[in-house]
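Written below as structure tokens is the structure these notes are about.
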Amino acid sequence: MNRSHFTIISSVVSVLALLTILVSCLMPFAEIGLNDSTQSYPGWLQSVAGLLVTFYKPFMPIGNDLTKYLKTQGVMTNLGDYAYIVFLSIAMLIASLAIGIVGREDATEKTVIPEKK
Amino acid sequence: MYQEILKLLNFGTLEIEKIVNKITTHKYNPFYYHGALPQFYLWVLYLSGLLLFAYYIPTVDNAYLSKSLVNAWTSVDYITKTLPFGAIFRGMHRYAGDAMVITIILHMIRVWFTDRYRQYRWVQWTSGILLFVLVLFIGQTGYYLVWDDRSLGLTRMTVTSLAWLPIIGQPLKHWFLNGDLISNLTMSNFLFIHIGLSFSLLFFLWIHYVRMTRPVLTPPPAINYILVALVLLVVFLCPINSGQMANLNHQPTTFDIDWFFLFPYWLMAKVSLLSYWLIMFLGVGALTIIPWFIRTKPVEAAEVVTNKCTGCSLCYRDCPWQAIEMVVAPANSRFKLLATVKPYRCTGCGVCVGACAFDAIDVPNLPDAQVLDQIKGLVSAS
Amino acid sequence: MSEKKKVLAFMCERSVEINETDLQNISDVGVIKFPCSGMIQPLMIEAALKAGACGVVVTGCQLGDCFYREGNKLLKERLLGERPPGLKKTVDRRRVLGLWLSKLQKSRFIDDTKEFTNFVTSLK
């Protein structure tokens, strides 16, 4: 395998890994309802709550969409749990893609036996 | 004729797998883990079921003499509406069940199309049919447990169909309801059937696997993640809502059908009970005897060359069919052990020949000596 | 059977299917069919090389898809020396090639075998 091929793969994998981490960070945020209310944050998080809200702000429209969809499906309570698993499953899908890309490297249709040293 | 169709289907399967291989490579091709997929969903079901079991109360009317109504329906309602992630686990339990049925059917179709279900595989096929029927029944009992309108309807339909059967009908009905009427005892019986039979699956799975060395039980992690993620996405897309609480004085007339588990009830509503039971028994019976439809010449089992075998157990370890047993060598032998072939398990694949470093085991179709002759013939032909 | 074959292909009968015209196409290659690639002994590969073959191509089904469950996997491990019995130390590793192809990958088989034949015959 040549070097450029390897670089492409490792960069794709690292992008996917970063995406997984990003989506995983959205999970706790999803659980409290994807909104800017900071009431349900634990005490030790209150000091950085403002920072977190700015980080999460771009994702709030998603939260609204999810909530709207769940309401049409008749879910009235624990909406956050559903939003949580959406991000969890997306994170798992991206992660499996990354693992798959790494793992397929040693998949083979051809076995050349290495020479003995 | 049948053989020709089967050959076409086999090519179709190979063609699909070739395309999938282009995308996933053989390492992540779900078709190569077709048997492990339902097994994985079984673990998902056990875990999610354990969590539901912790909060489930198997009664029809008020349990524990509490002031507010506590029964099966309200406990499920509590799990769904109040318990953190309760709704998620309930959803996972239901959709993993559906997914298990889908993957079992996929597994069945693949072994059928690739001709891997008959001859030496008949134990796997018949135990597989039994497992499939059990899984369907366990899934149906799961639907009774929720104790909404639909559960009541299903319970009554089951009772009618069981009671119709001659001779064993009444005892079966009595067993099913745990009495003559729907009562608290009925619910605890349902719960016992649901959980007890689920664990009996493990016993039948043991029979399913017993003739295979190193059965493939788990797909690679990347596939597992996808399997769980798919279930979670469905849990989100189709959240589960219970129907009305069952009312024993009221007969539910229509309800939604889960096509993966409840199709027998759809059939029951359409045809007479006689035709229903006939279709059920004949259907399962036909599936069970499929392996014996094709007549092929019996396998010629591998044979051990007794005076060459050193008892090294390499073939015993490698045989994918558990067809070789190491026995104590006869007294005049220089070695302690001797390999013996169980002919009724042998597939004639020759893996043991490949494992033997002493030419001490032979497949009658193609003995070692013949292979060596062919090699010499091809290389030194003039 | 008139001419001497330079390369032998040990093939599982359930993997690539080779017919007469294909054989003429790769005239340097002699084919021996096995019920499963798992039946191929390292001893047979050694025998072929000793008898004067320049190389041996071993062909099984796609890994994970063995009809007899794990023949191709076991053979692959034997070739790589991860499972006994393995190849003898004296065997020239370069002259052995494993191909794991499904029934439908005939062209891939022919291409790879041709390339391998050219490579092996160029070895001294």
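Each chain gets a letter, A, B and C, in the order it is written, and its residues are counted from 1.
Everything that follows uses one rule, which is that a residue touches a chain if its C-beta (ideal position, glycine included) is under 8 Å from a C-beta of that chain, and two chains touch if they have at least 3 such contacts.
Keep in mind it's a predicted model, so treat the numbers as computed, not measured.
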Original post:
Classify the inter-chain contact topology: is it line, ring, star, complete, or other?
Top reply: complete
Original post:
Out of A-B and B-C, which chain pair has the most contact pairs?
Top reply: B-C
Subject >> Inter-chain centre distance, chain A versus chain C - centres from mean C-alpha coordinates, in Å >> reply: 45
Subject >> Intercentroid distance (Cα basis), chain B paired with chain A, Å >> reply: 33
Original post:
Can you give the whole-Å distance between the Cα centres of chain B and chain C?
Top reply: 36
Original post:
Which residue numbers or ranges of chain C touch two or more of the other chains?
Top reply: 62-63, 100, 105
Subject >> Sites on chain B at which at least two other chains make contact >> reply: 26-27
Original post:
Which parts of chain A, given as residue numbers and ranges, touch two or more other chains?
Top reply: 107, 109
**OP:** Write out the stretch or stretches of chain A touching chain C in their complex.
**Re:** 107-116
Original post:
For the complex, which residues does chain C have touching chain B?
Top reply: 1-5, 8, 30, 32, 34-36, 38-44, 47-48, 51-53, 62-65, 67-71, 74-75, 78, 83-85, 100, 102-105
Subject >> Complex contacts: residues of chain B adjacent to chain C >> reply: 11, 14-15, 17-18, 21, 26-27, 29, 31-33, 114, 116, 212-214, 314, 318, 320-321, 347-351, 353-357, 359, 363, 365-366, 368, 371-372, 374-382
Original post:
Of all residues in chain C, which touch chain A in the complex?
Top reply: 62-63, 76, 79-81, 87, 89, 93-94, 96-101, 105, 108, 112
Subject >> chain B - residues contacting chain A, complex >> reply: 24-28, 81-82, 84-88, 220-223, 225-226, 228-230, 232-233, 235-236, 238-239, 241
